[in-house]
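Each structure below is given as structure tokens.
The following pair of complexes shares a single chain, chain A, combined with chain B in the former and chain C in the latter.
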Partner chain A sequence: MTEHEQYEAVVVGCGPGGAAAAATLARSGIETLVLERGAEPGSKNVSGGLIYAEESAPYTIDDLFPDFREQATERPATKNYIHNISGEQVATFDISQLHHHDTEWADAVLRREMDSWVGERVHEMTRETGGGLLTDVRVTGLLRDQGEIVGVEMAELDPIEADIVVAADGVNSELARDAGLMDWEEPEEWFQGVKAVVDMPPEVINERFDIDDDEGVAHLFSGDLFEGVRGGGFLYTNEASLSIGTVFHLDSIAAERAEPHELLDSLLTHPLMTQWLGDEYEEREYSAKLVPDSKKVAHESPHRDRLVLVGDAAGQMQAQGPIIKGMNHAVTAGALAAEAYTTAKSRGTPHDAGRRYEQKLNEEGVMDKLRPTSYDIVGKLGETDSIASLTDTIAESALGRFGVRTLGEGVLERLFSSPRLMAMMPDTRTPYVTIPKIIAEELGEPVTDENTVEPPELDDRIGDLTYDVGDPHIELIDNSFKASGTAVTACPVSAKDFGGGCYRDEHVQTNGSEDHVVSLDTQPCVECGTCAVVADTHWEHPDGGKGVEYKDG
Partner chain B sequence: MHTVVLTKGVPDFREGQVSFDEDGHLERGKTPTVMNPNDKHALRAALQTKVRNGGDVTLMSMGPPGYKEVLQEGMRDVYADELYLLSDREMGAADTWATAMTVATGIQKLDDEPALVFAGFKTADGETGHTGPQTCWCLDMPMITHVIALDVDEEAGTVRAKRLVEGDIEEIETVETELPAFVVADPEFEPTYRKASHRLRWKDLREETQERAEAHEDYLTVWDHEDLNLDPDYIGLDGSPTIVAGVDPIPKAPAEREATMIDGVDDPEIEQVFDELDAYAAGD
Partner chain C sequence: MPEIDPTEYEIAALGPKITDIDDPEEIEAMLALERDGEDRVPVKTLLEDRLEKLTAEDEAVDPSEVDLSELTVADVANLVRDVDDADVLRDMLEREKDGQDRKTARSQIESRIESIEGSEDEDGEIEEVEHVPPEEKHPDLDHPTDEKQWVEGTVEGTYRDMWVYCETQQGELIDVSREMLGKARELMDDYNADPAGDRGVADDDSSGHYGGDEEGNPEAVVAVLIGDSVGDLTEEVLAYGADRVVYHEDDRLDRFRHKPYTEIFCGMCRDGDYDWRDYHEPRYTLFPATNNGRDLSALVQGELDSGLASDCSGLYIESAMISNPAKTGQAGDKREFERILHMKRPDFSGFEYSTILCIDKPNRDFHPQGGSVIPGSFEIPEAEPEPEGEVVEHEMDLEESWFHVDVTDYDQLDEGVDLTGHDVIVAMGRGIGDSPTEGIELGLDLVDAFEDADLGLSRGVITSSYSFDSHVEQYIGEDRQIGESGQVVEPDIYIAAGISGAIQHKVGMDESDTIISINTNTDADIRDFSDYFIQGDLFEVLPRLTEAVESGELPTALQEVSDD
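Let's look at the complex of A and B:
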């Protein structure tokens, strides 16, 4: 093998998982190189986003980066509500108790600001070890020596060897796929989120949400406002903006041929939003992201040779009903991976870090949170088609409605506030759509405010984003509508009646016969990875510094 | 390894910056001075050398005291360690020959003899492309022009370069020479940093230089003709063999032009477009 540049540790991706790994490695004096494909950490990242510090977690982000909350976050989520919606009927429950369970603190964040601040700290810390943080570098795959993973290959740099490679390269991890640890096959295993960041002066936020400067609110929305697509909406208060978004099961988006941007508009234009949005609003940024469903995909053994996966790359994203926690688990996993390497090295077996990392994930209770055993039993059973439709019918029936009325608001609020119950919630229409709808109908009050806001058209939303277009990074393998047509609707920057998006629906006449195909233009791509799952593509990230660059994220 | 980069301040010819009087003469006082755009390529080549091979970079220019800002701008780009400005009245109105004499003397006076001297490919005002090669001639160094890629082997004391033959992008040759050498960077020059250690060093240098560029005057040395021990008869206007016989302004494009609009979609209408263009294609 030729002589390669060497670092003791290479961390791929400078989101919370990569940053936590790098900081922990650097603290142990390990020479650590961090490679980030964005022009700046955070420029490729999107979250809802609330970041949690759990009381039970061995590491939280402010442990690793002092002053994190002062420097890198927006407002804390001090109040939490869930709104059950049926038409204009709304039943609102206070779920602060659920939210506060095991929570030291939870803050709203905008990822560009958060990750770039963290990235600066990471560079300072790792530079002292002889490594450092490099941006605009895309790791394209794994370097192997006689079949064994020994490092990374990049578009912009010559191959680098390392004793440990931490893949924290996000939900569309190319390294996890190269290692054969994750795949892009089943829409059931993913959620897709879209978000709008809405400009709003702090004093207006304080007034409309009835809070002080150092307070914030988290609202969740479920019920029938999304045409039966399984998922829900959220609204978080930032310092001078709101993050409003929707998260849906990707299989449901695909099956219903739903347009994600329209689902977001359904939330933005609901009468309930009038009290917060006023007559009109300014949308600052539209963004989208795939979210792994940890219940199904959190890898039980996220390592191979010298490679360990952390965060979204390992499917470590907990989305259980109203509980949405990703960044905190990535932080814990990153730090544990680093700890595992340090221990392994001290025992003289540095290449044994993966096994120790897996062990730590289990010992520290991370895997239990990501893959609750209660869901394994109840959830999977409840998701079989016959049982799903049976429970849906019962809930819809007079009996179900009677049950909701009998239980009443107090009991339901308590049920919603049970982390144990939420963890076993099956991914069916019943909890996402039917029950919230019935609750709203039986217990809710009508909201009659007239909502006059006009969300921007998709081409305006795309036009406001910043791109440095590189070479096309996605290739359609099968362009027949049958194989890849779902992308036309499911892609958050494409739509059936819009010609300026990534995917278009086309009928092509050739020698008298007509083909129904899709065409692809990656120019407005936001790199969410949706089409990698729902269409037949060869999907890669754009080269370092190229592609979409989020300002808020 | 010590390198020197030569640069020049030129009028900012960009739209909205440049100002001409009624006769079409450049209004020097109203037009800001910027670093010659082509010098950026020399700066990038020098920076690549500094990042990959280490050592100090000296940025040198000849011109009026106002050129300090140009040097400051250059310091930010090339992360220069020292700035030299050759400046006094005697040096004024020099042609490329007198400039080359002056600049070469400046380079020779430096304490640390440079292993590489970089110049850009012609200035935006004179457009001669003479000064670099003439300076090289005065220094009696081997010269590589139209350089698009560069690799210095300090141990072997050589520099290997890819260059455009006759400035033609279609024909590229690789040449090697001994240090010290003179390199003229082509606008096609692309620095390459394929090692993480290089990019990390680049980041360090950028941080360091931000502070240095703020206090750039502390790193500036100004030399006049006496410092360089140069006879005023051989520099500046007196030392310039070039005689400018006259300057003809380029006529402005007429404000009124005739246009033919053909708004058509079918074949006969498109035919009309061809008919109209035909005359121009024939060169009439």
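Let's look at the complex of A and C:
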């Protein structure tokens, strides 16, 4: 197997994780090739997006890319609130304290702009080492020699061998799955994030949010806004737009047969939003992506042979209560993986980088944040069914309500601001729906502004996206409604009674009997990954440059 | 401080300004300002490019003076490329010899001198390129030309005519065969025309005009048909431009098989004993660049010991000036080759073209000059109503062993459906979901009621899991999809039944003259761009429409039922 093209390091994916790995490798003079399936870095990526620089983190993105904040971000989050909602009752807390805990800075970003700027730097840096950044290339799987991972295979190029393969290919990592390190089995291990970018001139933003040009706001939302589906919402201010989105537990979306776009719409049309959205609603882009829940899926040993996983590919996405931290951990992990390789190489054992990377993740405290021990003990327990409904009942009972009232606003605000408490929260209805709802009912004030926002219909949202349609990239293995019907509702671009989505449910007569089945058209697909988990599919990304192209992300 | 502060400009405004600045220092100062200020990558690149250009101009060296020891061999190579004066080069050579005397640098200069002057040996005589037969050149090989009895054999052979392989499918000529015949006719008509000079006209544009072969006799377009009942097609082939058609029929040739097809083709054009075929091999051959045509072209050209330009999209015959010593036989010499078929083919997915020439060597002929032609590259010519020409049935024993590969099964690929150019399109959408087969049947009934109509589909139907009965199933495929990722049609009447009117469908049909839509839902988007909107169940409305069309009452019926 010597006839393959060789690079010292191959990095798959040029999101924050891959960029950090590549930049750190290039700094050490290691010949690094970066492969990105998008036509440009960022064209495939979605986040909420507040990117954090944690004080305790060994690497932050502006360490690796000087001028990052000036060049690639929108506005810093200078004010932070959480709104607990029950019907029209809303109780608002200032959670700046929780936000500022361990935070050096946090800026809102749009991924197309951020990743493409970072990508340019990555290309410059890696080119110096004899490598570079190649876009429009999709890695299809791992190259193996006698069972051992030695490189990657691509749809567009011949296989490439490398001493280290950094899989930074995101939440739907095909490499992590090829290596058997991750799967797409359990809905409860994932969130689904859906977002709308809303056009708004800077002066209007400044006025409606009462901020200056160099300030920004982060609003978080929880409660019964979403009809019992577990999750919450966010609103972040960009320079000339707002990012408004929802992040829900996938198992809850699946079980409730919830329509993700309707959940987003219920946030957009809540009276509370009127003050910010006004009368003219201009949606620039609708997007969606799976989000890993590190508490459950962060791989404790994210490597095999020459392969290391970083960022979402390794499940390193931390939901700290309402705060979502994925990009920052991807950056840290990417840089640590690169560091691990550099050390391993200097010791003459380049293929031993994985073990060192794992060690660094633990030593640097990254693993502790991703999989807090307190959650393992308290949180998981709270999730077993009987206990979950018990806590729910207690919270709902007069006793629980009394507690909320006597604790009062001050205490609750402090509790919400406790990072430890947030890390311990079990993933049941109680913290997501019941408690915020009760808080709103007991402490909230009614918001009665009339909301006139009319979010676009799903077909218009699809129509506004840009696609370069290639061959179908998802194969439906079992098309019975029983096996795959959940995707009709859970897919963010499909809906019950909507013929224009990816998944449509159909009744088909065959030989006198009627079958309830689903059909699939991947053209409107936004590549979120949801149906890889909730339906019986063979799921791949589209080939390089094909599929959806986000302008904002 | 430079005159222009780049940070005050948008990149678009900056570009034109910068081209006027000739002072590298000025640019450097601007670069520094940009770095400290906005630090925009495109602006920096712009400035750096300009700087590079200016410094390069400054550095432009004079080859007759330059100190060669300061240049790398690569620099020397670049430098000599622009020098056309052999004396200057010889002077450089001397200086290199006196200086570092690098072998590689010397050979760069020497080879440049050679390519300007042609290499001469001591006596000033032109050096012949030595010919070594392949057996001697490659003694390690068993016998490089073992089975190729014609290799080396054909030098200065006689070649005439343009042979065109006409592929058939299901007993009919395929379009590319007609396209090639038309092109061949055009090429050979020009070829046989007298050069402009001979006609007493002062015209440089006589390229491709040779007044026939070397003796002044016209050359022909010879069509080849091979198959099981291709005799029926000879007339048609003549009508599209052939002077002569040679065909071979045999039941065993019902499907393309490369061994017998190759043998037959070569049998016709190399061995065929016809009084008109007084030459060694064809001068030119054309094949279609289809799956079968590519296969056959490679084998035939190999068997005839020539080359092949595959997948061509342009053809012309012209003389060519060639200086390649392998072809001219003499280094440094230019020679004009006449009657060269220029074969243009797209490279890199059509971003670039190369033109392939197939030219004889001094000790080996490369004839026929042949290529395969991408379908659709040329127009289909008008068929001659009463063609004249000779039909020749080729006789030859087909060896049993040529058929030992059996075709046991085959699939017919859809050629695709062209929905453009009809008066009427009836398009069906997911509204047929309750009874898909019936829905398509009703659509087809309506299609039949019109004189010139066809059936289109929304993508929603094509990607559904509906089960269709076999008699309508053949209509369900992407080749009938209308819209962004399907076909774009503009018929006089577009009837959309059970189609919601998604934007991706709309772009494929909204230029139609009259749009009639049938939908149960009055809020369906399609209503916004329909001329007539019929609210109703397509299973009820379509039969009534069909009836109205058949009785010639469509316009009145529409007025009655339409909502819009």
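In this section, the second predicted complex is superposed on the first by the 552 of 553 C-alpha atoms of A that agree within 3 Å, B and C clash if a C-alpha of one lies under 4 Å from a C-alpha of the other, contacts with A are read in each partner's own complex, and residues count from 1 in each chain.
Keep this in mind: a residue touches a chain if its C-beta (ideal position, glycine included) is under 8 Å from a C-beta of that chain, and two chains touch if they have at least 3 such contacts.
Computed from a predicted structure; not experimentally measured.
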Room on chain A for both chain B and chain C (clash or fit): clash
When both complexes are superposed, which of chain B and chain C contacts more residues belonging to chain A? C
Determine, under the contact definition given at the top, whether A:Ala91 touches first (chain B), second (chain C), both, or neither. neither
Tell me which partner A:Tyr7 touches in the superposition: chain B (first), chain C (second), both or neither. first
In the overlay, answer first, second, both or neither for which of chain B and chain C A:Arg127 touches. first
Kindly classify A:Gln509 by the partners it touches after superposition: chain B alone (first), chain C alone (second), both, or neither? second
Quick check for you: in the superposed arrangement, does A:Gly499 touch first (chain B), second (chain C), both or neither? second
The answer for chain A against chain C in the complex is residues 67, 71, 120, 459-460, 463, 469, 479, 499-500, 504, 506-510, 517-521, 523
Touch list for chain C against partner chain A, complex: 39, 41, 429-430, 433, 459-460, 463-467, 485, 500, 502-504, 525
Name, in rising order, each residue of chain A that touches chain B in their complex. 5, 7, 33, 35, 123, 127, 131-132, 134, 137, 156-158, 160
Within their complex, chain B touches chain A through residues 193-197, 199-200, 203-204
